[in-house]
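Two complexes, one shared chain (chain A), two partners (chain B, chain C).
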Partner chain A sequence: MNKARHNPLNSGLAHLALLTYTAIALFPVAVILINSFKTRKAIFGAPLALPDAQSFSLIGYQTVMKQGDFFLYFQNSMIVTVVSLGLILLFGAMAAFALSEYRFRGNTLMGLYLALGIMIPIRIGTVAILQMMVATGLVNTLAALILVYTAQGLPLAVFILSEFMRQVSDDLKNAGRIDGMSEYAIFFRLVLPLVRPAMATVAVFNMIPIWNDLWFPLILAPSEATKTLTLGSQVFIGQFVTDWNAVLSALSLAILPVLVLYVIFSRQLIRGITSGAVK
Partner chain B sequence: MKARTRFHIAVFLAPAVLVYTAVMIVPLFDTLRLSFYRGGPEGAEFAGIANFRTLFGDPRWSASFWNALGNNFWFFLIHMAVQNPVGIALAAILSHPRLRFAALYRSAIFIPTILSFVIVGFAWKLILSPIWGIAPGILDAVGLKAFFAPWLGKEHYALTTLALVSVWQFVGIPMMLIYAALLSIPEEVLEAGEIDGLTGWAAFRKIKLPLILPSIGIISILTFVGNFNAFDLIYTAQGALAGPNFSTDILGTFLYRTFFGFQLQLGDPYMGSAIASAMFFIILAGVCLYLFGIQTRMRRYQF
Partner chain C sequence: MTALSLERISKSFGPVEVLKDIDLEVSEGEFVVFVGPSGCGKSTLLRVIAGLEDATSGRVRIGGRDVTATPPAKRGIAMVFQSYALYPHLDVRGNMTLGLKQAGEAKATIDERVAVAARMLSLEGYLERRPAELSGGQRQRVAIGRAIVRKPELFLFDEPLSNLDAALRMATRVEIARLHRELGASMIYVTHDQTEAMTLADRIVVLRDGRVEQVGSPMDLYNDPDNQFVAGFLGAPSMNFLPSAALGLPGAVTGIRPEQMSISGDGPVAGTVTHVERLGGDTNLLVATGMPAPGDTLTVRLFGQHAHEVGETVRLGFARDGAYAFDSEGRRLR
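Presenting the complex of A and B:
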């Protein structure tokens, strides 16, 4: 069919190139994970060897569990990420519905206003955000982080979701109206279930930056009780620079949840990116 | 009656508009406003453009500012020169129609992108560390041991090294976006080229490249915005002082130090606002240049 573009040599070279790059991409992660299970001597003696019966050790993990409150950090990260995502999706979908469903004066202008935040990073406003959080007593609470991440995620969410909501059939909505459904019922019972795939895309897009953010936890919620996993591991590793077992174990513990989330959601994420949702 | 039936529009819009306005837009403009104030005995007092005069005029401040800005441009250039070509090359290989394991490669190469800067920063710091010896060991194995240097500790190399680490982390994004663009090119177009004798590299350069140019444009502006408010990687790998000797200082770390203070210098929210404002205008200029200068001139093809 299209033989000219395929020959075995090319395909062999393609695999070679991809394998090389995959190795480059995974090597650092693998080195950290492997060495976190070894004794200090083995870490330095044979950094690239897999742990065996003699070099296997969990001493690093024991130090981490004793010293750092990783369960609390994990819980904080979880609360912040899940609540922010929930609010982004709910508020974003509501606004997207208003913009895509109704004609009203200022519709386009409102759409542009909400889209401003796609390009301008929220970090620019940090000075005033901190002052506002201090004034309202929200500093060192998870609520401060949730508010910031919700505001940060809304512009893109509204943009993507309103694109999708325009595709929901008008006949369906009008049928609902004839049956006497309120506009709220139409939104929650007819439209929301239909845009679920788009909601998943938005959720996956926002999840990683929120989970991984260091800037706002560092500035708005650095207290022991509100540290997120990202900030917690940063501080912990900073304190234990010379204890290689502990540092490697802390890194592994920080990698693990993201990796698990990625394995669960990677298809969704990749489909979201490649479906052109970010155009 | 009419006003009542339209009430729900406001209800649908209100939560998003309120949160977005209160937490994003108002602080953004408040930060711009604060850059014209300074701390006085009774709180903030209006200072005109004094902060900007200090930032650009005072030799110590302006040296730091231009250093950070210059470093930031270098950081961006490395991304444009390495991250995007590598991303495009990977996408081009992946989009080969009958390539096996494409999904597996794609997922694996994307893994660094999902890791936090904390993990990436520390992991590379350990790997490049002369104490642990992984990097020199590997270079030794391929006979290049003489090339090893403690890159992160050398003023001359540290910034480039960190930029490359950041490239390593984010190469997945251009790869995915270009991959999506390449997949959307219809087979007929490629076959038509083939009949005219365009295959392999020629087909890529003459048919595919013009078609993915808009995606390359989007990636460039995303990279620009991302790089000019970058902070986390430098902070985790080199600390707030962006050592050695500020050679890895970029606008984000400069803003953080100014705003929060470090060592003996006290934090100054007003100078911090001035730097944030400068960042705002740099990013705005870049986005406008893209939207009005590049995007409108780019030819788009519809199939």
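Presenting the complex of A and C:
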């Protein structure tokens, strides 16, 4: 054990810094949560006060439940996020394995081409994407969103995962080959478990932007049946009047599933880091 | 019968030629060591034999069968890696049995082979442990066990001892020699350590820059090296090289082993002692001479304990028949 870690002053200061950061990061979330349980008047009167007997109100949640089909929006967001993440991780890892493991003509070029996507925002191609979706009849389907998000997530996933896969010992893969494992078995059974921390990182990085995205749902899938949660919440934000109770309640509800997903992935992330990452 | 034969094996990575025209035969039951400095292509050659790397040209035969296009698992080989390369998610038993399971062996056969290997390597108490719960030496034994259970025609070892500490290295070396005797199997062992090569090998293959420099038994190579590289690589401390002209001897360079040199009042070489290593059993002196490199520092190995001090001026002699002559290209003149 490191001696510095046992120094009470050092560890006290470290905890202070971490606690401060945690407080700053949690503040907006806390404000949203607190105010979602208050009356409109109380929200503006004392935004930082906890709800009390007088100011407590569930009007926001009631509006949210009445207006539109929130469970459907929820389900849409969930399907889009989970399926996109799954595809990003699967295809990203496969591409990364090929790039890091096999020598073939154009390997470096292919890697660069895939990495290019990190620098060029996919939204630049919105018009072309919309035209493609119209042509293929995918407008107003969840598949349209899933395809776009998968494409959006792949470059960074390939980049991060191929870096990690390069670190997986060649000897280990070769031992697998000598033992008669197929390349697929080596990929799924030896390499993937070892890069789990990297997979969790990629998942966490991709999850939030997909869940929160307003742009593509608005353009590609604005129909009632395919609305995502973020798009669905927009009905409460008007040009002239905004129903803050409903907005805050919708946001509070939207946080929950991401939180659950994050907890699932971050467990992996931390377990990976503490068990010595790749080796 | 030959366990392995290599015919004109060459291997390039892009423009870099790593192996050049390698021919080699290994007989059944033989222990052959590939030795050479780091980066000379030993591991690459081993991987070509294993089928993990395709040779750019040439043929590989194992047990008389041409395996040039055969995948590693079907070549009848087993390999032990420097980094152990154990499957981290499997316990010791799982590590040892994976290959047999993939090959579709019967459960009874698998269990029996694991039991035999575990007994041979004193791993009986550890079969249910994961690699992370084992010490370095135990991991290495598991890696060796994983090779043994496959009953290969040919064992391949790639620097299996270099991650172990000195004491364990010695013990494991003895263990590998014992395994070779017990199993009677053909083994190829790669190392950059000349001590391992000398102590384990029936036959040593000295490699340099992807070429075979010399092949022969350890004592053949030690006593009768073909060139300056082999002479300097084998033996510790390594051979002294002096300009022949300064000694009035034939050739361009004269090689003398440190144990062939002596302190003698009328010796032909004068110098100053710059360092003394006392090992108890013998004493090594480093002597600075006024001669040009590589003769500027000579090593003298004296048996027993001696009272020489740093700064002392000495004259060095040597036996004429202990001197090797090399031409300016480093080839041996006989």
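One rule holds for everything that comes next: the second predicted complex is superposed on the first by the 199 of 279 C-alpha atoms of A that agree within 3 Å, B and C clash if a C-alpha of one lies under 4 Å from a C-alpha of the other, contacts with A are read in each partner's own complex, and residues count from 1 in each chain.
Quick note on the criterion: contacts are C-beta pairs under 8 Å (C-beta built on N, C-alpha and C of every residue); 3 or more make two chains touch, one makes a residue touch a chain.
Since this is a predicted model, take the numbers as computed values, not measurements.
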Partner chain in contact with A:Gln62 - chain B first, chain C second, else both or neither: neither
Partner chain(s) touched by A:Pro28 [first = chain B, second = chain C, both, neither]: first
Contacts of A:Leu194 with chain B and chain C, given as first, second, both or neither: second
Which of chain B and chain C A:Ser11 touches, first, second, both or neither: first
First, second, both or neither for A:Ala175, with chain B first and chain C second: second
Which partner, chain B or chain C, touches more chain A residues: B
Which superposed partner A:Thr20 touches (first chain B, second chain C, both, neither): neither
Doubly contacted residues of chain A, that is, touched by chain B and again by chain C: 279
Chain A - residues contacting chain B, complex: 2, 4-6, 10-11, 14-15, 17-18, 21-22, 24-26, 28-29, 31-32, 43-44, 47-48, 87, 90-92, 94-95, 97-99, 102, 104, 110, 114, 116-117, 119-132, 147-148, 150-152, 154-155, 158, 182-184, 187, 208, 211-215, 219, 230, 233-234, 237, 244, 247-248, 251, 254-255, 258-259, 261-262, 266, 269-270, 273-276, 278-279
Residues of chain C touching chain A in the complex: 47, 50, 52, 71-74, 77-79, 81-89, 98-99, 102-103, 146, 158
In the complex with chain C, residue positions of chain A that touch it: 169, 171-172, 174-181, 189-190, 193-194, 279
Of chain B, residues touching chain A in the complex: 6, 8-9, 11-13, 15-17, 19-20, 22-28, 30-31, 34, 86, 89-90, 93-94, 96-101, 103, 105-120, 122-124, 126-127, 132-134, 137, 168, 171, 173, 176-177, 179-180, 183-184, 187, 190-191, 194, 199-200, 203, 218, 221, 225, 229, 231-232, 235-236, 252, 255, 259-260, 269, 272-273, 276-277, 279-280, 283-284, 287
